[in-house]
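Note sheet for the following structure.
Chain naming follows the written order as A, B, C, D, E and F, and within any one chain the residues start at number 1.
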């Protein structure tokens, strides 16, 4: 099963990157969201899945590795913070620059 | 015995859920699809969750109030959601299917705006 | 004692919250920030001296022993960099009120500032790979806050690119952590160092190591991953540029130094050789960039890149001297980049333009600014007896001893071109007929120059007084090269 | 009504103290006892005995569940028909309910009724516009809804 | 001695504060005593019983960098020149520079330079040497750019700095290599290990690096181009830098390392060849000049070439001659520069075509000039020191042995080049003197009416001419007390002892006579040869090379940078991803990093596969979706799918968090993209599209392959068991993930909240700042 | 006997249900992607959420744990809020969104 999940995570990466390479702000952000899903999924998968009960103390004999879960949780929250910021930033960028096309926002005037 | 009841609940629930989704796929416009979503799917999930509730209650001895509340919540909110979506769809100009016979809302709205 | 080691991270975090809460009481916040910065600088310096003499202090967060808890490792390297960070930060706090608009100050400049310091210090001190990621995010978030403070068209546009690049590299970081955890089952540096050695099949590990390298390479602005840097460092306010230039890329390069001397040293023939090539290209393309523009801020921003190349060169050579060189260079570059961004900010205010073609004769009205800038340029180019020279000697020694002649030639050539790029500013901007439209607010310009003067003074001391510093750097580099002390001090209980 | 519930809860808790077992079962027993006590004392209460309303709620829920099941079956039938030959449409249902709460409840219930889905409420709150899956006869549909739900809702709220 | 070296520097720091008295008294007077005192200090060492002295102060002992000074004959000679001529130059400048100028700057630079020069020639520690070396470049940059309002000054300053610092860096590399090879940073220590160095595999590099350093500093062909432009400096500076100090630093360096290098075949070939080419080229170019200082500049170049060539010959005679000529050149060239300055100062012109007949107006200057120019020309008169060293030069040029066929050819052409160069030298010397001081005067065309300079201004050149004569008349005194010691130091043993005016009818004598005769003829018929002198584009062409390099560096930098720094996010991303992909793939292949020995995995279940499928479908669908809300909702599907996976893989806490986060994110998406226009069908080319596809696919595949390899490569048990065992016992919670988050890894959580805090602040700042400030 | 049969049956049923619900979600994902209108997508997304609740319920049986109940409830709440938000958005979006389809 893990290999299928690795495949999915890689697919999320691939599609995320494809979106990142587009011009529209929205697509670019969507790309980052997909990539971050892929990253979290990698973290989940690489720690091996379904190796025991959920990491909640009970009378089970084995538990799933709780550490990666804790890491993913932190990562999810952080990604959320950054994505929220990025969204507002994109919105402000769009309203000020009056375009949502990144190719029109090259900004060479500093050179 | 109880396992059999739970199984039946699960199967029926799954059946309804699946059928609802099938309806969402097959029905001609958003309004008819909403029928499928707000009815069959809701009922289906309620069945499955009830199955889970019974399973926890009888097999594990856990009274899971949250699950029950969850069921009630779905039953309560599904129609409201459906209503909201249909209204939004109508107001945002989503067309009815060509087979539609009556559209009194459209007539009324026209009257008031004129 | 071991609890004190958290303070360099926690104090700024608390200060950040306070500064954000009372952001509207601007005078109070300014005063609070400056006092806090000075006091914590004093405290941290003391702590650093203590650690230099008594040895590494490891703080195990929550009392959980490594590798289960998070270790905050106050080893000499980390403390040296934390101290340098605070020095520059404190200077920046005295520069900020003079160059920022009131608006920008009230919209949480000080909050972001302290958050940045907290993140940077944390990144230097953590002994845990995932925690490093978290601190990266903290400092990046603070930098996002700082970079959007301008809130103009260009700032937002460049911020967007900046955020995206960093976001992408952060994701790559998580994936690398996942890979590493899969192979080694741990995220603690010290334990990683132990385990990586004894992995049988090291090819996969090396590949993962290289992927992780790229994470730091994006943050550290190493060829070919620095595209985001120049413009993102030019658009913000000079004080923000100074903080970025002095601190941000350095965190990336610090991580490379740490991880590729502590953990991934099992296949240096591949990884470190790669660094050498990239170091060369980084130096070359960096100076090429610096020569390509007439925007004085951009010249300084581009000059960050070759410096990164120098530091990477030391890691790539991977010998005690070269690592010492990298560390020395790192410390030196933090100070001098801070100074240069301060000075160039003052220059832009003084001249009223960023364009070198429209600038001339500034030194006639502002001699102090001109001369300090001149000295700073020499320091940057590695002219003796200043700080840049010590690092350069060590790096060149390392390179020549390993017969990397091409590398050495590229390094020297780029030093020359760095000097050229800086002298262009001096010759065409400061020298020449007095231009029209120069600011005549002597007091203001003087105030803007002072923080730069202080930092340049420190850089001079780091060179002339190298004897006070270098032995420590040497012991740091020996510790980095011989990893046992780090490992044992972190994993002592187990 | 609120007072009655509070009293009932107090009785239940008192029962728990009396029986010295603090779990759901003893609480439940206490609550049932409270219901009984309140029933016996109902003539001393100023407003209607609240269990009456509870019963009507239960009745409404049962109606609702029945309708839900029926309508779901109806939908499922349509879903599996090889070709879908329905005649959907929107009709206006005149209503006597006034409060927002009641109207919301009604529109929700309508949505769950076989073949109908409320789309909109007119501005004057006199009509609910309803989308029907299959609308052969408008009048019949209107009557159907009025008889089942509207009366049941009124029982609960009034 | 440390004090003697740093005295000028210390004074340099004080000078700016002295300038407040500048209205009353010329700053120069105030500071004149210092170089003079230094000169006297070094003078006390002079004597036939001189023994080398060592003075040392630790600087950075841990790096083996010290301020250690070694005063031997060579250093002493230079120290005397630097301080002696320094004194004269300061004296001269008092009359040359108007006290209204920013004299404090001038003297500060000059004194920094003086210390730097003293440091260079006295340092025994190579890093000390290098530090002072760079400081000579920097201070001369400042001196040359002293009149920085003049475009030519800035140009000349930058040019000299670039070329000399380039050499400096090269020198540094050479010195570091020397320390690596010998394990010492002391030059004397290196000299002791000469064999080790010469036999080291690094020797070719050491040689190249050192020679580059020396050639650039001493203006050897083709690096000489900075020197003529450096004449933009005030004349006292020219007199100082180009007679005795700056340009001699390279000579000094080669002389200093001569005990190691001399006699090495390559050293012979390179130094002799370059030296002679420089000699010939410089003297040939000098003949073409019309500017007095221009003539002197190229003259300096040619004389430096001559000395360099002699160092290349490496024979006893040659080395002695080289040292002797260093002294002689300093005296006559110093005086000539000063005279040129006086002419410029008193007539307002240095253009030799406008000058002429000045003898009448400035008899003293003219008399002084006679001695200077004739000494430079090597006219065989017993009171001109120039002749002595010139004759020795000829002698040395005939006295070389060859070790290879190429060297053999060289040996035969050395005397020829020597004579040719000397002929040109003779010509321009005559030209310089006669065209300035004799012939028709064109007083009306000059900006100022010429008259003799003040006596005190004439004093410095007078003293130097006195030097010319004294050395010429009493060579033995100088020889025994000074030159021999210097020559010994250069040779690394007993060098030549004697200086004679009359060597007998040896070939060198005939060469001298030939130079005078042919030179005289050619000077007298100079106008006929003009076409030859101007046949080559000459100086211009080499300058053009420099200008071209500098300009090209700039334009090429611009072109390169603009080529890839496009500002386009996509281009950057493409470059970034391509680079990462290429390197990671290479590393994977090199290290055999792929591992497909399948490790144990969880069983595959249908429902999970179905969930994976729907997520995959949604992920792919984001690419094709055209509608902005659709794309947001589809991404929501992926997010919810993540939550489902978390549920399936026993991570309830993650599922909860993911659900909340995803919902809020979708809501935020809708909010922020509320006003955005639709995603129009973008006009992307087929090429762009296909690169996008390739990059995404390749990168995804890399992630997958590395992921699989890492998965299969598990080498250790994770540290998880500790958490499982201890969460409840030590952490006091039954939800392990929570215990880890708030306890074991509490710092993570604390700073995760800090990130959210920062994000919130940033968002508020972005939204609020806009209202107050408005769009700009 | 009956108990064993019941337990066996239950595990088979849970398995069948997993697949059924998953398939159902796939159908809905198709609708989300296909549209054609955003209202259709909203409906589908809402149903996906409902299906997810069922899926979590099944997993709760599978793992015999009550720790997933929070998730069921949370999905319900979020779904409701989310759907309302999307609906509101769709309704207001009409101003600009007229040429959506």
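As a convention for this text, a residue touches a chain if its C-beta (ideal position, glycine included) is under 8 Å from a C-beta of that chain, and two chains touch if they have at least 3 such contacts.
Here the structure is a predicted model, which means the values were calculated and not measured.
Taken together, subunit A and subunit F share the touching chains E.
Counting C-beta pairs in contact across C-E and across E-F gives the higher total for C-E. Among the other chains, E has the CA centre that is most remote from the centre of subunit D.
In terms of Cα centroid distance from the overall Cα mean, chain C ranks first. Separating the centre of subunit C from that of subunit F, both taken as means of CA atoms, is a distance of 48 Å. Centre to centre, using the average C-alpha position, subunit B and subunit F are separated by 10 Å. Rounded to a whole number, the gap between the C-alpha centres of subunit A and subunit D is 43 angstrom. Across the assembly, subunit B contributes 15, 20, 22, 34, 42, 44, 78, 80, 86-87, 91 as residues in contact with two or more other chains.
Multi-chain contact residues, meaning those touching two or more other chains, occur in subunit A at positions 13, 20, 25, 28, 38, 40, 42, 45-47, 53-54, 56, 58, 67, 71, 74, 78, 81-82, 85, 89-90, 92, 96, 102, 105, 107, 111. Counting only residues that touch two or more partner chains, subunit C has 130, 134, 137, 141, 144, 148, 151-153, 156, 160, 164, 168, 175, 178-179, 181-182, 230-231, 292-293. Screening every pair of chains for touch gives A-C, A-E, A-F, B-D, B-F, C-E, E-F.
Note for the complex: subunit A touches subunit E at residues 1-30, 33-34, 37-38, 40-42, 44-58, 63-67, 69-74, 76-85, 87-92, 94-96, 100, 102-103, 105-108, 111. Of all residues in subunit E, those touching subunit C in their complex are 58-63, 65, 127, 130-131, 134-135, 138, 145, 148-149, 154, 157-158, 161-162, 165-166, 169-170, 172-173, 176-177, 179-180, 202, 205, 553-554, 556-558, 560-562, 564-565, 567, 569, 572-573, 575-576, 579-580, 583-584, 587-588, 590-595, 703, 706-707, 709-720, 722-723, 726, 743-748, 750-752, 754-755, 757-759, 761-762, 764-766, 768-770, 772-773, 775-776. If you check the complex, the residues on subunit F that touch subunit B are 2-3, 5-7, 9-10, 12-14, 16-17, 20-21, 23-25, 27-28, 30-31, 37-40, 42-44, 46-47, 50-51, 53-54, 57-58, 60-61, 64, 66, 69-70, 72-73, 76-77, 79-80, 83-84, 86-88, 90-91, 93-94, 97-98, 100-101. Partner subunit F is touched in their complex by these residues of subunit B: 1-4, 6-7, 10-11, 13-15, 17-18, 20-22, 24-25, 30, 33-34, 37, 41-42, 44-45, 48-49, 51-52, 55-56, 59-60, 62, 64, 66-67, 69-70, 73-74, 77-78, 80-81, 84-89, 91-94. Those residues of subunit D that touch subunit B in the shared complex are 24, 64, 68-69, 71-72, 74-76, 78-80, 84, 86-92, 104, 107-112, 114-115, 117-120, 122-123, 127, 129, 131, 133, 135, 138.
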